């Protein structure tokens, strides 16, 4: 089982540091990593990721430059491109595919794209090997979850975790650090989801310390560390230090 | 014919100076003089008399103190008490008569009292020898003027000017200095009034220099000097100097 | 042709309040005005024109809002608000201002003079004049200009000249003084749109006549919405046009009528504008009425947080109705009015003018006295009072 | 029971604008909202309740004012103003806010979240919530809080919590971002009252449905007052709820329909909020529509003197109607809007909101194009913009 799914914002602390960070993650044994493509209007993000996106944009981390920077990287975990729809839509499916091929990106997580809204765009990407990761939130009841998992299907055990997992949102609200304290509800949901699917699950939103990570692992799911990591990196912390402590337990 | 009808505000420059001013006026040959009883809301007065009334009130020139100050004065022209209704109404007709008897006041000019509004009050005063002076303004047509003169009748040649005259308002508006420049309209009105009545007429509102005074005299009427005199006295001028120059011509 | 005598009654009540205590210069203009007013009322085309402006420009009929949450707060069974705050320019003043502006146009007057306290009448007159293409000059005390600054800006935007009046306390009384003076100087060309049911005849009667549309509508709406009349009707009273406008149409009904004066910040002369208890009969601004005055017959100073109630005289007809026991006059203090404004804001989402808040402040008292259903005249909206609310309520 | 799919059309026009581009957390709430909305529309008791609030609280129907002096100024034969400025709280926003608040109460929600730009929607939501006893939180950009300060005070007086949004330009876009985030966190208890015809389905359809009362009334009033329809109908467009509200009921008529965007102070990206010429299709705030954006798909900065039009996306239905040629979209600059406000003030005694002034600014253009009679949506009153008018017009 994948022990930890880290999230970093491309371009923060800097675009130039990105290859190094990815290489460190890979060396640490990180199998998959969510990479945020900064957007001007991150409506599902809390203050930490908003600020990180804002800094990244200020520093010139445009979608094209991020994807160009990722092109050709081999020392990297599998990447899930985590972003909002509009920048991708403006690039267009065909050009986006050209840009994605040379990168370690294996899947996309587009926060504001329900599976029905851009069917053609999404199908083109999936067919080309870039599936969209389904999100399951506290407002997603089990019936609805079934549909979501079907419509963004598991490509199967032959595929890497990055393309297979479903993302379980731990709590209502937006991304943010350390405020998901009561994990009982998400534990229940994970259990319910496991009963209907044997797809790998990642659990994120509001997890930050090793104890929370361990609890998620105990559910049989992969914990996501997002805002806490981005904040620590922005404060000058080293990726290896931050992640190592959270990988065990 | 009475050459000049001066107006002074009781209590301005000071109440104590009043007997002296009246004595000077009398010595100058002034037959009748309008004495303003200062009121808080002088709606028919311009800035000069408003300010004078305000100063006088500030200095304690209440209606009672003014009338008490006038009591027993003999060295004075005949006085016309020029004021607004409310202070008199609050004193009441009977008490007012008691207060008026010992003074040189011979008549009243109550700016905001049309002849019909306080018939009983007015009749009591008239019967006791204190008639109300009728006002005739540019908006008073000749028919209306006839009625006004009838309802506030001339007590007849046996009576002093102060009780007989009608006051012709020279122009629209309120009292004030030197802004009645075109005397042609008032000349016409004076002529028309003389055709219906042989009552003495005074003309006031906005007259200040000797030329204007002379023009009024040429109409066969008595010019009133009000704001200009009050202003000059307030500026420290001497009554005799101010009036002398305007009595001739 | 000039009118030669008044044909309408000039006096009110057993005390003979009202009258026409005007300088001679204004007598003929007042006679002509009464005649024009009578003719206009008799002229169907004027009535149609006025009705059309009230409907299509002013926004009449104004709603009657059932305020159930506020009623419940005091245990009232029903509370109904007559929403003059929803008229164009935001207070009942426009009913009268528009009617008089139409009358002025009929009379061939091209200029309008008006006074204003809270600025609501000034804004209303300015709006009516802009709409009819009449030149407008508004006199306003400097204190009121400061505390009702937004209304000064609104008048100016409407092309009206606002003349600051420095005299005295710089409030409504001084503004009326100055407007009367200005009218005396321009009465050949100008009409004076007096803003409340005060001044010399025919103003009190005319203004009341143009304001009773409030109560007539409210009475019909009460019957339509509740199939009965309220137990009590209440309105604030500055000059009294809003009070009379709401209450007069209920004079024939078996119910209680209340007018609320400004209690200011104390009960000594000079600390309030409560004329019923604090005043004596006297003459100010052309009429005999209850007047706050000192022992010399000089007008007393007044105080109220609401510029529109900060006036030393109660309109003569309202004073007469009060003295004759047909309307009960109460008072609310500055502090009570402020608190009452908050009640309405938080319970009903309506921001009342400070003037109207004085009526709201008496709701607990009415409930205590056992009235079950109350009709309250919401004379205006509180936007003009925002800065006062902000500073006094710490918003 | 949870709704499992949308039953109303989610897309508009040949371009398929609109949609529901929402994070998964909000999908079920949006599905439930559509269901509640459909049920409410089908429920006579909801319709009666809404109609009653609109009539007795909001002040509907609003008048249709014939503006003859302003018409004459430009040689128009007739100019008719639909007076949303006379609604309670002073803009069309209350039609939607009250309807959604009633819907929220029906849905058992005890809290309301709203965003606001000009503050008019925030005030409307705050008023509706106070009246219904719902807790209300409004998100507002710091720039807008400064330029529409009176509205901040009004919301607070109504007991609403106003949360300043510092991000970005501190205007409407950021306020929507923050409101969406807040809703995601509280969607179990709170309803989000979106203030314009934008956002994810069902908001655009719902808001438009609640606003077409404007055009329905206006159409009937035109027929009643002039026995014919106008040659042109015009309204300003921020998100587009006012534009759709007025224009949609005229879609079947043979006349010209115009929406006016904010031309700001220049034609370069960032200097205006004119989405038709300046925008490309994109997705923002849950819907696909004409969007001002840079080459990276990031939302562009916008500029407008009017907070209510200062938004980078045109509502999807209005954008679709524009792209399909059913509504012509024009723009007016800051300077033109300011001048137009003065026209209306001085000719008709009506102070328009800066937003509405953008529509007024196009009157000379419509006259030039030969339209004889024009119906114009006066979406709100300008009291909130007084300080801008004062400083820009030197009043």
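Per-chain numbering from 1; labels A, B, C and D assigned in written order.
Note that a contact is a pair of C-beta atoms (placed from the backbone, for glycine too) under 8 Å apart; a residue touches a chain by one contact, two chains touch by 3 or more.
The structure displayed is predicted, hence computed values, not measured ones.
Listed by label, the chains that touch chain B and also chain C number zero. Work out the mean CA point of chain A and of chain D, and you get 36 Å between them.
Remark: chain A and chain C have CA centroids separated by 66 Å (rounded to whole angstrom).
Chain A and chain B have centres, each the mean of its CA atoms, that are 96 Å apart. Shared interface positions of chain A, i.e. residues touching 2 or more other chains, are not present.
Contact topology of the protein chains: linear, an open path with no closing contact. Of all possible chain pairs, the ones that touch are A-D, B-C, C-D. Residue ranges of chain D in contact with chain C, taken from their complex: 55-59, 62-66, 69, 83, 85-89, 126-131, 133, 150, 153-154, 156-159, 225, 341-342, 345-351, 383, 386, 389-390, 393, 395. Residues of chain D that touch chain A in their complex: 2, 4, 19-29, 167-168, 173, 177, 180-181, 184-188, 280, 282-286, 291, 293, 295-299. Residues 39-46, 50, 54, 57, 62-64, 84-91, 111-114, 117, 135-141, 143-144, 147-148, 169, 172-174 of chain B touch chain C in their complex.
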